[in-house]
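Provided herewith is a single structure, encoded as C-alpha cells, for subsequent inquiry.
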Amino acid sequence: MLATVAQQAQDTQDTLAIPSVDAVALLPQLILMVGGLLLLTIVSLVKGRMPKSATTLYTVAIASASLISTIPLWHRVQNPAEGPTSLMAGAVGLDGFSLFVTWVICIGVALAALLGDGYLRREGLDGPEFYVLLLLSAAGGVTMASANDLIVMFIGLEALSLAAYVLAAMHARRIASQEAGMKYFVLGAFASAFLLYGIALTYGATGSTNLAKIQQFLSDSVLTQDGMLLAGLALMLVGFGFKVAAVPFHSWTPDVYEGSPSPTTAFMASVVKAAAFAGLIRVFVVTFPSYAVQWRPAVYALAAASLVVGAVLAVVQSNVKRMLAYSSINHAGFILLGVQAATATGTSAALFYLLAYTFMVVGSFGVVSLVGRGGGPDRHHLSSYRGLAKRQPVLALAFTLFLLASAGAPFTAGFLAKFGVIGAVVERENWSLAAIAMLSAVISTYLYLRIVGTMYFSGDEDDALERPKVRVNPAARVALTVAVAGTLALGIIPGPFADLAQDAVAQLVAAP
Amino acid sequence: MQDLLWLIPALPLAGFLILVLSGGRIREPLAGWLATAMVGASFAVTVAVFADLVSHGEEERTFTQTLFEWLPSGSFQVGFGFLADPLSITMCLFVTGVGALIHLYAIGYMHGDPKFTKFFLYLNLFVFSMLMLVLGDNLLITFLGWEGVGACSYFLIAFWHTDISNATAGKKAFVTNRVGDWGFMVGTFLVWTTIGSVNYLDISAGASGVAAVTATAIVVLFFVAATGKSAQIPLFVWLPDAMAGPTPVSALIHAATMVTSGVYLLVRLNPLLFEAGWANDVIAWVGAITALVAALIAISQNDIKKVLAFSTVSQLGYLFLAVGTGNYVAAIFHMVTHAFFKALLFLGAGSVIHGMAHDQDMRHYGNLRKYMPITAGTFIVGWLAIAGVPPFSGFWSKDEILAGAWDYSSGGKVLWAIGLLTALITAFYMTRQVVMTFFGEEKWRSLTGEGHDPAGGSAVNAAENADADLEHSPAHDQHGLTPDFEPHESPPLMTLPLVALAGLAIVGGLINLPFSDQFERLGGWLEPVIAHEHEMPGGSTLVVLAIVAILAALTGIGLALVVYVRKRIPAKDIEQEAFARGFYIDESYSRFVGGPGRRLFDAVAWFDANVIDGAVNGVGTVTQVAGTQLRRLQSGRVRGYAMGMAIGAVLLVGYAVARMGF
Amino acid sequence: MLATTFVEYAVWAVAAAICLLGALGVVLFRNPVHNALSLVATLFGVAVLFVAQEAYFLAAIQVIVYAGAIVVLFLFVIMLLGVDAIESLGIERHVWRRPVAIVAGAGLVALVLVAVLVGTAEVTGQPSSTGSLGGEYNDIERIGRALFTDYVWAFEITAVLLTIAVVGAVVLSRKPTEAALDEAEFDRVVEESRLDEDVPEELDDDELDELEADDEAVGSEDLPTYVDEPGVTS
Amino acid sequence: MSAAIVASQSSALIASESGAAFNPLPWLVLVPVIGSVVVAMVPANRPGTSKQLALVFAAISGCLSIFLLTEFHAHEAGFQFVVDREWIAQLGISWHLGVDGISLFMVVLTGLLFPLAILAVDPHHDEKPYYAWMLLLMAGSMGVFLALDLVLFFLFFEIVLIPMYFLIGSWGYDGRVYAANKFFLYTMFGSALMLVGIVATAYLHQQAAGGELTFDLVTIAESQSIGQGAARWLFASFALAFAVKVPLFPLHTWLPDAHTEAPTAGSVILAGIMLKLGTYGFIRFGLYLFPEASEWAAPVLLTVGVIGITYGAVCAAMQKDLKRLVAFSSVAHLGFIILGIFSFTNQGLEGGVLQMVNHGITTPALFLLVGMIYERRHTRQISELSGLQKVAPVFAGVFTVVMLASVGLPGLNGFPGEFLTLLGGFKGARWWAVVAATGVILAAIYLLWAYQRVFHGEPSEENRSFREISLAEGLVMAPLIALIVFLGVFPKPMLERIEPSVEILLEHVGNHSDADVTDVAPPSGVAAEEGSH
Amino acid sequence: MNQQAYVILAALLFGIGAVGLLVRRNPLVMFMCVELMLNAVNLTFVSFAKSLDDVGGQVVVFFVLVVAAAEVVVGLGIIVSIMRRRSGVTADDLRMLKG
C-alpha cells in the first residue's frame, strides 16, 4: 500500500522526494498494525465460528512475531558498521532504545492478551475488539517509542491512548468501567492539549518538530531567549507526566486502574507506561540534554512527589487493585529517577526497570483479575485474599513473588531495577533523591506486606478456607508462569538483560 | 611432686563430674563418700606439694604450671595455669583440709535429704572453684574461681529452693557479689593496661613501677571486689541471709573459705598495696568499722547461725584491718585460725540444729550440754578461741592484728581501740550464745503451741529459715520443737570433724607464735610472698597490748555472764533494736531497691515501651494520617483531578519562566 | 502598506473577538446546544485567522471538518441523549473552585505569554530551509508534498488512529443486553452527588467543608466485607 | 573480570587460593537453596517427610561448614576458599565469596544452629512451607557471611528478611503479624539507605580510583580512595543498617516483638545468626571499608552500645514475658560486641567475634528452653510459672548452665568474649568499658530474678505436671551445652583462627585512621614472660 | 502585522478552554472546552508556521484536526455509553471510584 502510494506520487511529481521505505526496519510496528487490522477483518468475516481462544492465540502470535522481527534489527543496530538509523524522512528512529521498548510492549501485549482470555469469558465480554484494540494500541506505543518527530510521537500517543480509553470503558456491564473510561478520556484529552501546546511552543522555539533537527538546531545555535522553549518543555512534561502517572498528574491512575477490566489495567500499567516513558526519555533525555540543567529539577520534583505520594496513599487503601494502582505511581517515581539522571546509565536503568516492572505488574494484576470476582464493589477488597495461601498456595506464592519483587526484594527483578535507578541517581550525586526513593520503598513495602500478610497470616479463624477456589484458566496460567519466570530471571541472571538495556542506549538516533 | 599441682583442683572436679555424669545413679551415702574422698585426696596432694615446697630453699618455693593457653589474644596472654607458692599452698591446705572435714560432717548432716547427691556435687564444685581461686597463677584464673565459688554459693544457699526466701537469699548473694566483680574486672583491666600482664609474678615484679595513683585505683577496685566476696561494708548484707543454706555450707563457704578470698586476693596483690597509698587506709578503716558494726549486730541476734554469720563478718573485718595496716602475715594467720574455729562453731551449731529438729532459735535452747556433750565441748573450745582467750588459737592471731594496727600511720591507735572494743563485744556475744544454748533452763519445754516468738527483728527471718529447714529436711522429726522433745547428740560422722576442728582451734596458734622469729613459722614461710615486711611494735608494747587484749576478752565474757547467767542487767537493755535489725542497713538497701530502684527500672521499661517504641509506631501512624488526609484529594470528581493537573501545569510553567533567560 | 496593516488588524480584531466571545460562550452558556453553537463561532473565527495567515487549505478544512463534522457530532449526541437540560451554573460545590480555576487559567496564560513574548523575536527557531510557505507551489500542493515526504509516516499512522476510533465507537456504542452489575451502586452515588448539589449557594466555606469532610469520612473507611448489599455500603 | 584482576593485585588480605580441590563455599549457599526447592516440590504425604528432607539438606550444609573449619588454615589472615565469578559484569557485581577468621565461625555456627533448630522444633501446622523457608533462611544467612561483594552482601542481607517474615507471620504467636511487619519494615528501613551507600561507595571509588565500576569489597577497601567527608556519610548509611540489625539503642524495639512472637526456631535463628549480621557488618563493612569514618564515629557507637548494655538489661529485668526477657538480654549482650569492635583493639575485636559466636550458642539455647516451657505450659508469662526446679530438676539444671553462660560466668562460653571485649574496651575506650562492666551486675539481676520466679519456690497447681526434659530435647541441648562448656574452657582454637584476621584488619584501620591500634604489651610484660617460666 | 497577536489570542483561547473544563460539569461541554484548547494550539501552530515560513506547522494542524476528530468519536462514544444509562449525569456524579 505504502509503496503504491509512493509510486503514484513519483509518477505525478518528479520532484517529490518520497522517502524510501525500509519495510524490514518497520516490521515490528507493521506486524502489530497489520495484525490488528487483519484480526478485525477476520472476525468480521467469520464471526461466530471462531474458537474462543483462537483470538488470544492469534494476539500472542502477533506480539511474538513482532518481538522476533526485532531480533535482526537489534543485530543491525548493534553492528558498528550500520548502527542506529532514522527512517521515513527522519520520522522514525531505529535504535536499541526503540527496540528495547518494543520488547517490553510486545511482552505486555502478549501477557495482557493471555489474561484477557479467561477474563472476557468470565465477564461475558467475548469480543475480539479487545484484542484488536490491544494490538493497535501497541502499534501506537511502538510508534511512540520509535518516533523521532514530535508530531509522530503525538499521533502514536493518541493511538495508544484512544485505544486505552476504549479498553478501559469497554466493560459494558460495569458502569465503573465506563466511569474509568470517562475519567481517563477527559483528563487524557486535557493532558494531550497541554502536550500539544508544548509541542507547538517547541516548534516555535526551534523551528521544527523533528527531534534530530531540533537537536541539530540546538547544537548549532545558542538560544538567548529560551523562554518559549522552556515553556514548551514544561507543557510537554505535563503531557508526559500524565501518561506516566507522575504526581500531580497522577490522579486518574487509581480510579482508572480500579475501574478498568483487570487485563486492561495490566496493559495500561505495562504497555502504556512503557511507551509513555519511552516518549518522555526520547524527548527530554535524548533531545534536550543541553537543557538538562533546566528540566532536571522539574523531573526531580515530579519523581520525589510520585515516590512519596504513591507510597503514602497506597498504604491507606483497602482495595488491592487500588493499592497496586498507587504503587504504580510509586514505581513511576522510581523510573523517573532514571529519567532525572539524564544519563545513559539512567536511561538504561529506566529501560531495565520498565522490563522488570512489566513482568511484576502484569503478574500482579493477573492475580487480581483472577481473585476479584463477583459483582460487588468490594470484590477487590483485601479481605478477598484472606487465606488464599491455604486455598491456593501456588497462586498465593506467585502473587507474593510479584509483590515482593515490587518491593525490591533481592533475587527478583525488582531489586536490580531499583538498584539501577538508584545507581543512576547516585552517579549524579543526587543523594537526597536517592534517600527519598529508598524511604518511599520502605513505606510501599508495608503495602505489599499487608497483602502478603492477608494471604498468609489470616484466614485460620474465619470461613476463608471454605471460600470457593479460584479457577485459573490455562491462558492465565501461562501468563502468570511467564511473569514469574521473567521476575525471577531478571533477578537471578540479570546480566544479559542489563547488558541489553545498556546496549540499547549506547547509541541513539537523535543523539549528537 | 610439684607436677601434681593440677591434681589439687582436678580431684574435686573429677568428683563433681562423676556425680553429674552419673545422672543421679550414685546415691546416698556413696556420693558423700566419693566427694569426701576426692577432697581428702586433694588434701593429700596438697600436703605432698607442701612438703615439696618446704624441701626447697626459700627462694625456690614458687612454682607455676600452665596446662594450656586460655585466652590468648594479641598481647593479652592468659594461660590456664597454677601458681604454687607458700601463700597459695597455705590456703590450699586449709581449704582442702577443713573442706574434707566438712564434707565428712555433711554426710551425716544431709542424711536422708532427697537431694543428697546434688549437695555433694555442688560441694565438690565449690572446692574445685575455691582451689582455682587460690591456685590460679593470674588474676583471670582467680576470677574463674572467684565466680565459680559465687555460683556454688548461689546454688547452695538456694539449695532448698522450694522456699522462695532461700532462693531470694541465693540470688542476693550472687548479685551482691557481682557488684564486687565489677571491681575485680575493672581492676584486672587496669592491671593489664598498666603492667601488661595479669600474672601474679609479673604483677609482683612490675608493681614497683606502677604510679601511686594507678596503684591506688587498682587496689580500691580490688577492694571493692573483696567487700563483695568477703562481706564488708557496704556489701556485707548477703552473708547473714546466706545462712539459709544447709549448715555445712555455712561452715565451708560462708565462714572458712570463700569469704576469705577477698583477703587472699589483696594479700596476693600486696606489692601493689604497698604502692597504693591511701587505699590501704580505706581498707583498714572499712575493716575496722565492719568488725565493730557486725559485732554489735551479733549481740542482738537470736538465730544461732545468724550470730555466727555476723561474727564472721566481724572477723573478716579484722582480716581487712590487718591487710590495710600491711600486716599480711597476721591476716593469713587469723584467716587460718578463723577457718578452724569458725568452721568448728558452725558445725557445732549445725549439730545443735540437727539435734533440735532444725529449730535455729537460740531462745528455744538451753542446757543442751546435757544432751549433746561432744557438741557442747567442742563448741566451747570454739567460743574460747574466738573470744581471744589464750592459749587458744584465736588469741594469737587476733592479738597480732591488734598489735599490728597500733603503730599504723593513719590513726593506728584508733584502729587498735576499735579492734579492742570489737574483741570485747565478740567475747560478749559469743558468751551469750554459749550460755543461751548450752546452759540455763531447757526453754523448749515451756514453748506454747503457738510456736516461735516473733519479736526481735531478724528472728522473724530466722524462724522462717528454721521452718524452711524443717520442711525440706525430712531426716528428722517434722513436728518442730514441742515441750516433750528430747534433743540428741549427733552421729559420730558429725562429731568426728567437730573434735578434729576443736583440736585445730586449740593448737592453731602454734603456727605463728610471736615469741621470736623462730616461732613465727607462718611469717617466715610467707616471707617470699610478702614484698614488704610489716614492722610490729617493740617487745614491751607488744606484751602490754596482749595483756590489754586478754583483759578485754575477759571483760566481755564477764559482762555476758552478768547479763545472761546472773541476769543482773536485763538483756533487753543490751540487745538493742538497732543491733537486731543490723543498723537498718539491709532494710534501707531493700527499701531503696524496692522503691526508687524499682521505680527507676519501671520507668526505663515504660520509656522503652511508650517513648521509643511509641516513636516507631508513631512513624507508622503519621504515615497513615498523611495518607488519609491526602486521600481526600482523590475525591472521585474528575474536575478536581483536572484542577490538580492545571495547578501542576502552572507550577511547571512557572518554574520554566523562573529559569528562562531574558 | 498601512492599509494592509490596518486591514490585517481589523481582520484580526474582528476574528479575535468572534473567537473569544465564542469561547466564552462555550464556557458560560448553560444550554449545551448553545455551547456547541458558540464553539462553531470560535471555529469560524479561527478559520478566519488561518486565512489571515495564508493557511487557506487549513481554513477550509477547519470549517468543513470541525464545524461541519465535529460540532454536528456534538449536536447529534446532545439530541440523542437529550442532555440539553440546562445546567445550573449557579451552583458549585466548592465556592473556591471557580476563582481558583480562573486564577490557574489566567496564571497559565500569563506565564506562557511571559515565556513566549519576552524578547523581540516572534519565534526563536530558524526559518525553514525546505518547506517555505512561498515558492512555486500553492497552498494545497505544499501541504500535500509535505504530507508525502517529511510527514509520510505520520500520515500512515493516522490510519491506525482512525481505525481505533472506528472500532472504539463500535465497541462503545453497543447497546448493553443486560443491566450493569453495579447499577445500584451507580444510582446511589449519583443520588448522593445530586443531594450535594442542592446545597444552597449561600453556604459559607466552613459549612461546605464540613459537608465535604463528612462525605470523605464515610468514603475513606474501608469497604465493608459483605458483598450483596450494595445499598448499605459506604 | 577486571574486578578479579584488581582484587588479586590488591594486598595481603587475599591469601592464596586454598589448596583443597573442592571449594565448599558455593555449596554452603546452594545446598540449602536446592533443599528448599526440593522440600517445596516433594509432596508431603506422610508427616515428617519434609522435616527429614530439610534436616538432610541442612545437615549437609552443616557438615560442609565443619569441613570448612577443618580445612581452614588457622594462621592465615586473608580470605580463604575464595570464589570470584562475574555476575553482572557491566555493573561490576561479582559472585565473590571468601571466608576468613572473622566469618569462619559465624558460618560454622550457621551450619550448626540450623540443623539443630530444624531438629528441635516442629511447626504445628503447614510443615512443608515451614521447612522450605527455614532452608532458604539458612542459605541467606550463609551468604551474608561469605559475600565479599557489596551488592551480593546486600542481597543476602535483605533476602533473609523474607523467610523470617514468613516464619514469624505464619508460625508465630498471637501478635505475629504485627511483629513480622515491624521486623521487616524496621530492618528494611535500616538497610534502605545502605543500598544508596553501597552504590555511592562503588561510584565514588570508581571516580577516585579510576577503572571500571566495581562493588568488590576487597578492592574498594584496600584502595581507600574515597574522600574523608564522603566516607563518613557512607559509613553512616551502612551504620544505620547495621545498628538496626544489631540492634543498637534506640533502634531496638523491633527485636523484642520479633523474638517474642517468632516460633522457637525463628527466635533461635534471629538471636543466633541474624543479630550478628549487624555486628559482622560493622566489622566487615564498617572497619574494613571505612576505617577512618569508623574511628570518627566510634564515640557515638560506643555510647549507644554501652547504653544498650545497661538499658537492655534494665528493660529485660522488668519484662513479664520470659521470651521477651531473653530478647532484651540480646540487646545488652550485643552492646558488648559493639564495645569490643569500636575499641579498635586486638582484644576487643577478637572478643567481639568470640562473643558473636558465643551469644549465638547461649541465647538460642535459652530460646529453645523457653520454647520447651511454652510447649508444656502454653504460657511464657513469668507470673504463671513457678517451682519448676522441683518438678523438673534436670531441665532446671540445663537452664541454669545456659543462664550462667549468659550471665558470663567464667568457665562457660559467655565469659571469654565478654571479658575480652571489656578488656579491649578498657584499653581503647576506658570509661565506656567501666560503665559497660556494670552490665555484668545487671545481667545477674535480670536472669537470676527470672530464674528464681520461674524455677524456685513451690510449684503451683498448673506447674506440678510440668514434664521433665525428654530424651529428644536432651539430645538437642547436649551439643549446645557441650559447646558452652568447651568454648568457655578452651576458646583458644577459635581465638587463634580469629586473631590473624583481626590483626591485619586492625593494621588496616591503623594505616588509614588516627586510631591507635598498637597491641604491644607495656615493658614490664616482657619481664613477665621471663618470670613465668 | 505582528504575529505575536495571534499567539496571544491563542493563549487566551487555551486559557478559556482550560478554565471551562475546570468549571463545567457537563461532560459534553467539558469536551468542547478541550476542542477550544486544541484550536488554540492550532492557531499557535499556524502562527509559528507563518513566522518560520515553514509548512511543517500547517501540516501539524492537519494532523491535529484528524486527531481531534478521532478523539471526538471515541470521547463521544464513551459519553454516550455512560449517559444513556442515566440522562443528565454530570462529571461530578461519576464518583464510584475514589479515595
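Order as written gives the chain letters A, B, C, D and E; numbering starts at 1 within each chain.
In this section, a residue touches a chain if its C-beta (ideal position, glycine included) is under 8 Å from a C-beta of that chain, and two chains touch if they have at least 3 such contacts.
Computed from a predicted structure; not experimentally measured.
Q: Hop distance check: chain C to chain D, minimum number of steps through touching chains?
A: 2
Q: To get from chain A to chain C along touching chains, fewest steps?
A: Counted as steps through touching chains, the separation is 1.
Q: Taking contact as defined at the start, I'd like the list of chains shared as neighbours by chain B and chain D.
A: Correct list: A.
Q: With chain centres set to the mean of the C-alpha atoms, which chain is at the far end from chain A?
A: Looking at centroid distances, B is the chain farthest away.
Q: Tell me, please, which two chains come out on top when C-beta pairs in contact are counted per chain pair.
A: C-E
Q: Of the chains present, which has its C-alpha mean closest to the combined C-alpha mean?
A: D
Q: Please identify the chain with the largest separation between its CA centroid and the CA centroid of chain E.
A: Between chain E and the rest, the longest centre separation is with B.
Q: Report the inter-chain centroid distance for chain B and chain E in whole angstrom, where each centroid is the mean of the CA atoms.
A: 95
Q: What is the distance, in whole Å, between the centres of chain C and chain E, each centre taken as the mean of its C-alpha atoms?
A: 3
Q: Roughly how far is chain A from chain B, going centre to centre by Cα mean, in whole Å?
A: Chain A and chain B have C-alpha centres separated by 78 Å.
Q: Per the centroid of Cα atoms for each chain, what is the distance between chain A and chain D, given in Å?
A: The mean C-alpha positions of chain A and chain D differ by 43 Å.
Q: Which residues does chain C have that touch at least 2 chains other than itself?
A: 97, 101, 104-105, 108, 111-112, 114-116, 118-119, 122-123, 125-128, 150-151, 154, 158, 161, 164-165, 168, 171-172, 180, 182-183, 185-186, 219-220
Q: By the touch rule stated above, which residues of chain B touch at least two different other chains?
A: If we look for residues of chain B contacting two or more partner chains, we find 628, 631, 634-636, 638-639, 642-643, 646-647, 649, 653, 656-657, 660, 662.
Q: Could you say which residues in chain A touch two or more other chains, in rising order?
A: Residue numbers touching two or more other chains: 151, 155, 158, 162, 165-166, 169, 172, 175-176, 179, 181-183, 186, 190, 197, 201, 203-204, 207-208, 223-227, 230-231, 235, 254-255, 316, 319, 377, 446.
Q: For this structure, enumerate the chain pairs that meet the touch criterion.
A: A-B, A-C, A-D, A-E, B-C, B-D, B-E, C-E
Q: State the interface residues of chain A toward chain D in the complex, per the touch definition above.
A: Against chain D, chain A makes touches at 393, 404, 409-411, 415-416, 418-420, 422-423, 426-427, 431, 434-435, 438-439, 441-442, 445-446, 449-450, 452-453, 456-458, 494-495, 498-499, 502.
Q: Quick one: in the complex, what on chain D touches chain B?
A: Touch list, chain D to chain B: 182, 186, 250, 252-254, 311, 314-315, 317-319, 345-347, 350-351, 387, 389-390, 393, 400, 404, 409-411, 415-416, 419-420, 422-424, 426-427, 433-434, 437-438, 440-441, 444-445, 448-449, 451-452, 455-458, 489-492, 495-496, 499, 502-503, 519-529, 531-533.
Q: What residues on chain B touch chain D, complex-wise?
A: The touching residues are 64, 66, 68-76, 79-81, 118, 137, 140, 143-144, 146-148, 151, 154-155, 158, 161-164, 166-168, 170-171, 174-175, 178-179, 181-182, 185-186, 188-190, 192-197, 199, 201-202, 205-206, 209, 600-602, 604-605, 608, 612-613, 615-616.
Q: Taking the complex as given, what residues does chain C use to touch chain E?
A: Within the complex, chain C touches chain E at residues 5, 8-9, 12, 16, 19-20, 23-24, 26-27, 32, 35-36, 39, 42-43, 46, 49-50, 53-55, 57-58, 61-62, 65-66, 69-70, 73-74, 77-78, 80-83, 85, 87, 92-93, 97-98, 101-102, 104-106, 108-109, 112-113, 116-117, 122-123, 125-128, 131-134, 142-143, 146-147, 150-151, 154-155, 158, 161-162, 164-166, 168-169, 171-173, 180, 182-183, 185-187, 189-190, 193-194, 196-197, 219-220.
Q: Chain B touches which residues of chain C in the complex?
A: Spelled out, the residues of chain C in touch with chain B are 97, 100-101, 104-105, 107-108, 111-112, 114-115, 118-119, 212-213, 216, 219-220.
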